[in-house]
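Paired with chain B in one complex and with chain C in the other, chain A is shared by the two complexes that follow.
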Partner chain A sequence: MRTSFKKTFAAVAALVFLWSMSAASQESHIGNLTGNAKRGKALYTRYCIYCHGPEGDGRGESALYMDPKPRDFTKAVFKCRSTPSGTLPLDTDLYNTISRGVHASGMPSWKPLLRQERADLVAYVKTFSSAFQEEKPGEPVVIPAEPATTAESIKRGAELFQTMNCWSCHGKDGRGHGPSAATLADNKGNPIAPFDFTSGTQFKCGETNRDMFRDLVTGLDGTPMPSFVGAMTADQRWDVVHYIRTFATSKSHAAAKNDTVGQ
Partner chain B sequence: MTKHFYSATIALAFVALSLWRPVPLAFGKPAGGGSSLKGEVKFEGNAPKPTRIDMSQDPLCTKAHPSPATTEDVVVGGNGGLENVIVYVSDGLAEHDFQPPQQAAVFEQKGCQYKPHVLALQAKQKLEIVNSDETTHNIHPSPNNNREWNMTQPHGTPLEQTFAREEIAIPVKCNVHPWMKGYIAVFKHPYFAVTDKTGHFEIKDLPPGNYTITAWQEKLGTQTQKIAVGSGEAKPLDFTFKQ
Partner chain C sequence: MGRGMNKIALQLLLVASLFAALEQAHGIPAFARKYGLPCSACHEAWPMLNNFGQTFKDNGYQLGNGRDAPIYQEPSYWPVMFRTQGFWHRENNNRQAVDSVPGSAGSGQVEASLTTSGFDVGGVDFITAGTLYNNISFFVQPFIGNNNITLSQAWARLDNIAGSRWLNVKLGKFELDQPISQERSLILNNTGALYYNYFFTPPGDNNFFQGVGLPQLGVELAGHSANDYTRYSVALVSNSNGSPNLPSNKAYDVYANFNQAFEVPHLGSQQIGVYGYFGESPTYYQTSGGNPIPGTGLGNKSFYRVGAYGHWYVDKFDFYTFFMHGSDNVFLGNSVASNHPENLPLGAVGPTWNGGFVEGHYNPTPRWIFLGRYELARMSRQANPSIRSDAGNLDTWTLGYRWYPIMSPRAGLAWTQEYSRITNPGAAPISGLDNIRNTYLMGFDFDF
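Take a look at the complex of A and B:
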């Protein structure tokens, strides 16, 4: 009797372990929050399905009328990451995109949802691709302290903007009209425009200098914007950030600032 | 007794499940009969004239070409041989876990074109990417079955990547120089070859068997042939593409 009890206990423990393993792939972890895919599905069906579609492939009913197109989650390729090009994003990266929204696209900020609800959405979004079960996210980028903006750093940044061929797409005047701009397409074959740096500072993956630095390291996967990880040193990336900041006039910069207050 | 049996079965099932994973059957190449497939891929009809590429947006690219560079999507040699065709075993190999070779495959950016224009390598084999140009490139494959990455590479900086899964073939582009197009084919086995300037190829060390051989050309599509290969045989095999 006693041995039988022991064996049954072991078997039940084993089953609980297996169940928890499969449940883990249905979860997200953002700080001390644990997102749940089942709850996320209910939220997704209410808020996200119209654009991203029931299969998560970005082919919702509204997608036809949208430019840029909603993200196809089945490919597990994401623009805004803290991880290297070609790797999966962290849960917090997806959470930040949901919270922030994506400027110049149909994706709004979902800050009106509770933090727990956004965490649940992250868990559900990850279920659309098996990649999240098969692979681990990349090592997040370390962003060093930013040196002061100086006339010299801006000058060095201007030279790098030339030698790194940033101008081929973004244009020598930063307006996004470089010679290659018209040929660019995203990973779904849809035309995509390079960022016009004179239009303001509402970059897709965040507006701070640290966000810009991170974009230069990771690239925006699924778009023509590459990673500059081995191409520039950290100091050089800060130089480029400082130079890019000079494109936005004080007027458009102020306008962008007003917008983020959220009228 | 029944209780015992029941719980023991569950425990056993758990052990079996935890141990289960796709079992590699062997390592390295299977002991082959040292056979080879050798032949030529021909182009029949009027060879399309290569189109001039306008590289004027980047003087560092034009500088590399004393005479203007031309497109490489269909390259026919003087003898009618078709270059840059991938010939590979597409069916008939026994299930086997092939280890990637130690040597890296090299993909070079030179004169703002890819050398070779079509590269074939094994899954998980090291891919060494070289920028011999003075200008800065970004190398950007668009895979369906592998993870997409996109890396900037200034002159002389090292870059190494791998592809995890078979995919024939992944288009590669440079967004900075939109005329730059190439292909990287990834195989789970070592039985493939890319035709040279004269359209010739050789697949070496093939074990005896009945195979389907496919010839892939980026623009002209694919062709297949079935072939029986004996032990220690040098089997001739030719393909002809028409347009």
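Take a look at the complex of A and C:
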């Protein structure tokens, strides 16, 4: 009798746990916003489905004509994160990507949508992969204070740009025409072009120096851009950031005014 | 019994399959062809814009994702679209003056209820628009009617001047930044398609104002916040109701619009705005052989239209509320040349009036929109005391829906059904009773 009760209790507890995990996966939490996947699905159908596809696998009807290809949410691999390479992004990372868009791609800024709507979209995007139920996001990386940009830091950055082989993809002039550029592919085997640093002040995952520093730490998962967290010190990463900024010298790189969270 | 049930089940399955197939299709209207977005991304239900579409428009038809300049398009890409309609409609006018003996002009006139019906087409709008270069946008819209071709719009715009989204300058013939776009009306029929307040002219007035409702010739300065919640526009336009070739009557009008939106939890976006149109119109012209020479207007007198509006969302419902106050100078209101004030009737004053409308939509999915509108105008002061106080008043309402069964990768198609009714008190030509017009329309509205 006692054993039977224990088994029943354990089964109920397991069900409650699974249900709560499932419910949690249907939600997102961005600041004081709680996103709802059901509402997000309606929004996804209106705004996103044509590129990312009804199954979230990046095979929408427009995907054929897009370069780079839309993200495949079923793989739970995201370029723009504040978490280490190989880990899931925070809800705020997905929210910021939706808000900011991904520069030099078909993904526009969806800032005109309500903040609640963007949170709802995050909740729905997470339903495409079971990874969001099975794993926790990574811990956000730490970005130290930025030292001043000096001629010396730029010079050091230029040397690192060579020794770290950044030039082999991005090119010596930063235009994305390095010798390896034509051979690059994303995690689904689609050709992908390195970023052209001369194209302006915006980058794939933001427009501030902190954004670029973070990219060097986290890498852009799903692309050939690796994490340099073990290959360079923090000061060296800042030097590279300062050097990359010189490719678009005619443009201001004042602090971004994105509607981003947690940055 | 069993076979009957199976047959019904099969039919239900076929119908369900048809709807399922339709629901999986998503459309790309003209601009979306460039970016690969569905038309529902920019349109609540086309042609009505949502906030994302309004932002795209305000940003010079640019998404700002580094893919806006024409250089990123296939060389064969040509940003052209057309829109037209094919439909059946029925109209009834309850009191229209007719000859008592058809064909006999001398037989005297009586009032009769007239009904006409039949198939029809709505003319064709051709639109080519987009970006000439980064931050230089354009829009050209010829309209082919039954017997003529007109240039509805033609303008170029410098966008994001000095890198600021608050500075955009447009020059040419363009639709003013209206509280609710006349060009994007969801209603097609003759009775309900117009926003009457935009075109209202009091009885006896010769200032046939179309400034707010129709595209105007001029220059516009406009700006907006990143999410388009805050917007402004100021336009200086020729006083010609959009007619080219300098019939400007030596006068310029000014239009301004400002609106602000707020996000309200559990409801959605709420927008409020104010606008004003201030201008002058001629009361007489230089003449040749007694005929007025276009563009030589003299004796300009002032008029204005001001008001406020709102756009309120309650989840899948949204409502526009609109108010307008209008006033014309006494000479305009009485159609009297200002160099002959002695021709003004005794007790003549400048006419004033108020009007407004409420338009509601229910948009459960991007494929369906149900709509209703009630609009009214009320004279508050007639120009001539001898005119009955309610002359010129109007009440109109519309009910309808639009269904978008097919939104293919290159086109959009809407099936629409609508019923409209307008009442003009005391406007029957002989009896002076109320004049009422009813219109029913159903048909296709499509673009490619």
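What to note about this one:
As a working rule, the second predicted complex is superposed on the first by the 228 of 263 C-alpha atoms of A that agree within 3 Å, B and C clash if a C-alpha of one lies under 4 Å from a C-alpha of the other, contacts with A are read in each partner's own complex, and residues count from 1 in each chain.
In the analysis below, a contact is a pair of C-beta atoms (placed from the backbone, for glycine too) under 8 Å apart; a residue touches a chain by one contact, two chains touch by 3 or more.
These figures come from a predicted structure and were not determined experimentally.
In the superposition on chain A, contact of A:G106 is made with chain C only, not with chain B.
With both structures placed on the common chain, the touch criterion links A:N165 to chain B but leaves chain C unconnected. Contacts of A:G222 after superposition on the shared chain: chain B is touched, whereas chain C is not.
Taken together, the two complexes place no residue of chain A in contact with both chain B and chain C.
Listing the residues of chain C that touch chain A in their complex gives 24, 26, 28, 35-38, 40-41, 51-52, 54-55, 63-67, 163, 226-228, 263, 265, 268-269, 365-366, 409.
Every residue of chain A that touches chain C in the complex is listed here, in rising order: 42, 45-47, 49-51, 54, 61-63, 65-66, 101-116, 199-200, 202, 252, 257, 259. In the complex of the two chains, the chain B residues touching chain A come out as 3-4, 6-8, 10-11, 14, 17, 57-58, 135-140, 142, 147-154, 157-159, 161, 175-178. Interface of chain A with chain B (complex): residues 3-4, 7-8, 10-11, 14-15, 17-18, 77, 84-87, 131, 135, 163-165, 168-169, 179-180, 183-184, 187, 219, 221-231.
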